């Protein structure tokens, strides 16, 4: 044992405290830093976090101080969240006013006194955004952005109905890996899995290339893996940074087998999560997801089986019913048909009976009508003939009466005429006939005074001698 | 006289001829007297003929009517 | 006389002709009586014919009526 | 007589023709009796035919009526 | 008779035709009895055919119902 | 009979056709009994086929249910 | 049997097709039992495969093929 002089640790810490107090007491500083490793104890209202500063571009941490916020600081954080709508959380780049103090047990600590709400976007987030933008810009073939989601080749791959062949990328000693394997193999459905391990270091940004190599190994194995599971190997919160690297994001995004992540953080989503097929919160959740996926498949099959059973039973009962309906229909219709035919025959039978009799009675009636005509008509005919005969008799009688009358009238006319012109009748009216030399004379040429003439009156003949002869002229004397 | 052979038609025709002859006034009185005498005779003949025919016809008709009415 | 060959129709037709002739006075007086006598004869013939036809028909009808009533 | 070959229809038709002829008096009196006699004969024939048909039909109908009541 | 070769359909059709002919009185009286006799025969034939078909069908149906109830 | 080669579908189709034919009375009475007999045979065939298929399916289902419960 | 090449996808798809066919009654009764048997086999296969390692799966398939061929 050497007698090297020493002081007690408490003396040292007291001196550190004194030195820091003399340098920083009563002082405050506005500092720009990223927040990481953040946690909040609700009951006491304490915020614990680390403030870090990273090298530009590379992203390596170059400064890191543990910080606390309580009392006024906690209130300022609440104001910050209220004003910006941004949670005070990992990855944000902040401008904070701090005081520096040293505690003999808890060590160096800076206390957040105020936070500049205007300095909103944290550097980490800005970096992450830059990487995302770069991924989009440089890999348009397999990364696109729709709304606030990223569509990648990987997360557009169809998941097989059953995930049974699985490649796991993780670190061999991680608790997360143990959880995953345990959950997977001890599932209560008895599902079996074939799991191939691709161990690597999955922390520290610098190891991104190694992880990428494991993905290449998986691809080169040629095995028909159903899924690749990427599980974080544990460690501090800052270890997530590997999952926000461009390299790993790109690898996952373009990987041809669906990638399921179980990175095990609670508060933010890494770039790898965004690029992967299915992000889950923890390794256990990843295993549960796989089991649930397979269970859904089996349930689907069982449901289909149930459906087939129900459908075939329905089909049987439908067919039995249809057969029975046809049976009933055939029975009823053939009976109907027979009874209809029977009725029709009965109808014809009755109709024959009725119409045959009707025909005969109509004929009888017609014959009787005709007979009646024949009985009466000859007598009428004879009577008509007889009338005609008597008409002719009457004609002859009246015609002959007229006949005689006309004939008689003709004769009587002649009689009258002759009576008028007969000489005897003329003499009776005072005319006289003159005879000269024994002949009736109508001309006095040969009679001269002294000639003898005889004058015959109606009942007397006178002999006389002419004494004078005068020429008669004009109308003197009696008219003849 | 030839009265036996005389028909009513002939007699009547002669009568009609005589009447026509007398009508043209060129008949001398002595012939006229003769003609009138002939006419009188013909008239008498015709009248008798008519009477006898009529009575005969009437007899037949009466008989006919009797038959006709009795035949009913 | 040719009465054997005489039909009612011919007889009646002759009768009608005689009546017409008398009606339009185309029958000479000399044969009027003869015509009327012929008419009387025709009438007699027709009436007999009618009577005989009638009696024959009546006989047939009586027979028919007997049959009809017995046949019922 | 040709009654053996005579059908009811022909007989009835002849009868109808005779009735019509007598009805419009186109039958000469001379053959009227003959026509009436023919008619009487045809009527008799038709009635007999009807009677025999009726009795035959009635026999069949009786059978049919038995069928009708038993067939139900 | 050709009843051996006669089908119900043919018989029924013939029956229908006869009924129609008699119905509109286009059947001569001379063959009416014959037609009615034929109709009676056809009806008898059809009724027998119906009865035999009915009994046969009923037998089959009874058998079917027995099967149906035993098969359940 | 060709029942050995008969399928349920063919049998059912034939049955449906027969039912339709009888339904719209296009089956002559003459072959109705024959058709009904055929229908009875087809129904019997179909029911047997259905029953045997059903029992077979039920056997499979029972087997499946056993597997399902043991497989869990 | 093509079971060596049978994937979950293919099995699921086939099962879905069978369910659909039975659902819309496009499976003839004649092959329904066969279809159901096939469905049972597919499920059986998938369920066993889910719970087996690769080497076990091959054993199962062999066993199923034996059953399938003896069960026919």
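Read from first to last, the chains carry the letters A, B, C, D, E, F and G; within each, the first residue is number 1.
We adopt the following convention: contacts are C-beta pairs under 8 Å (C-beta built on N, C-alpha and C of every residue); 3 or more make two chains touch, one makes a residue touch a chain.
Only a predicted model underlies this, so the values are computations on that prediction, with no experimental measurement involved.
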{"item": "Fraction-based call for chain C against chain B, same above half, different below", "value": "different"}
{"item": "Contact-richer chain pair [A-G vs A-E]", "value": "A-G"}
{"item": "Distance from chain D to chain C - Cα centre to Cα centre, in angstrom", "value": "34"}
{"item": "Between chain G and chain C, distance of the C-alpha-averaged centres to the nearest whole Å", "value": "123"}
{"item": "Centre distance in Å when chain A and chain B are each reduced to the mean of their C-alpha atoms", "value": "126"}
{"item": "Whole-Å gap separating chain B and chain G, where each centre is the average of the chain's CA atoms", "value": "151"}
{"item": "Residues of chain A touching at least two other chains", "value": "189-190, 302, 305, 309, 312, 319, 327, 334, 338, 341-342, 345, 349, 352, 356, 360, 363, 371, 378, 382, 385-386, 389, 393, 396, 400, 407"}
{"item": "Residues of chain E touching at least two other chains", "value": "29, 32, 36, 40, 43, 46-47, 50, 53, 57, 61, 64, 68"}
{"item": "Touching chain combinations (by label order)", "value": "A-B, A-C, A-D, A-E, A-F, A-G, B-C, C-D, D-E, E-F, F-G"}
{"item": "Chain G partner contacts - residues on chain A that touch it in the complex", "value": "160-162, 164, 189-192, 194, 294, 297-298, 300-302, 304-305, 307-309, 311-312, 315, 318-319"}
{"item": "Complex contacts: residues of chain A adjacent to chain F", "value": "189-190, 302, 305, 309, 312-313, 316, 319-320, 322-323, 326-327, 329-330, 333-334, 337-338, 340-341"}
{"item": "Interface residues, chain E side, partner chain D - complex", "value": "28-30, 32-33, 36-37, 40, 43-44, 47"}
{"item": "Residue ranges of chain F touching chain G (in the complex, touch as defined)", "value": "7-9, 12, 49-50, 53, 56-57, 60-61, 63-64, 67-68, 71"}
{"item": "Partner chain D, residues of chain A touching it in the complex", "value": "342, 345-346, 349-350, 352-353, 356-357, 360, 363-364, 366-367, 370-371, 373-374, 377-378, 381-382, 384-385"}
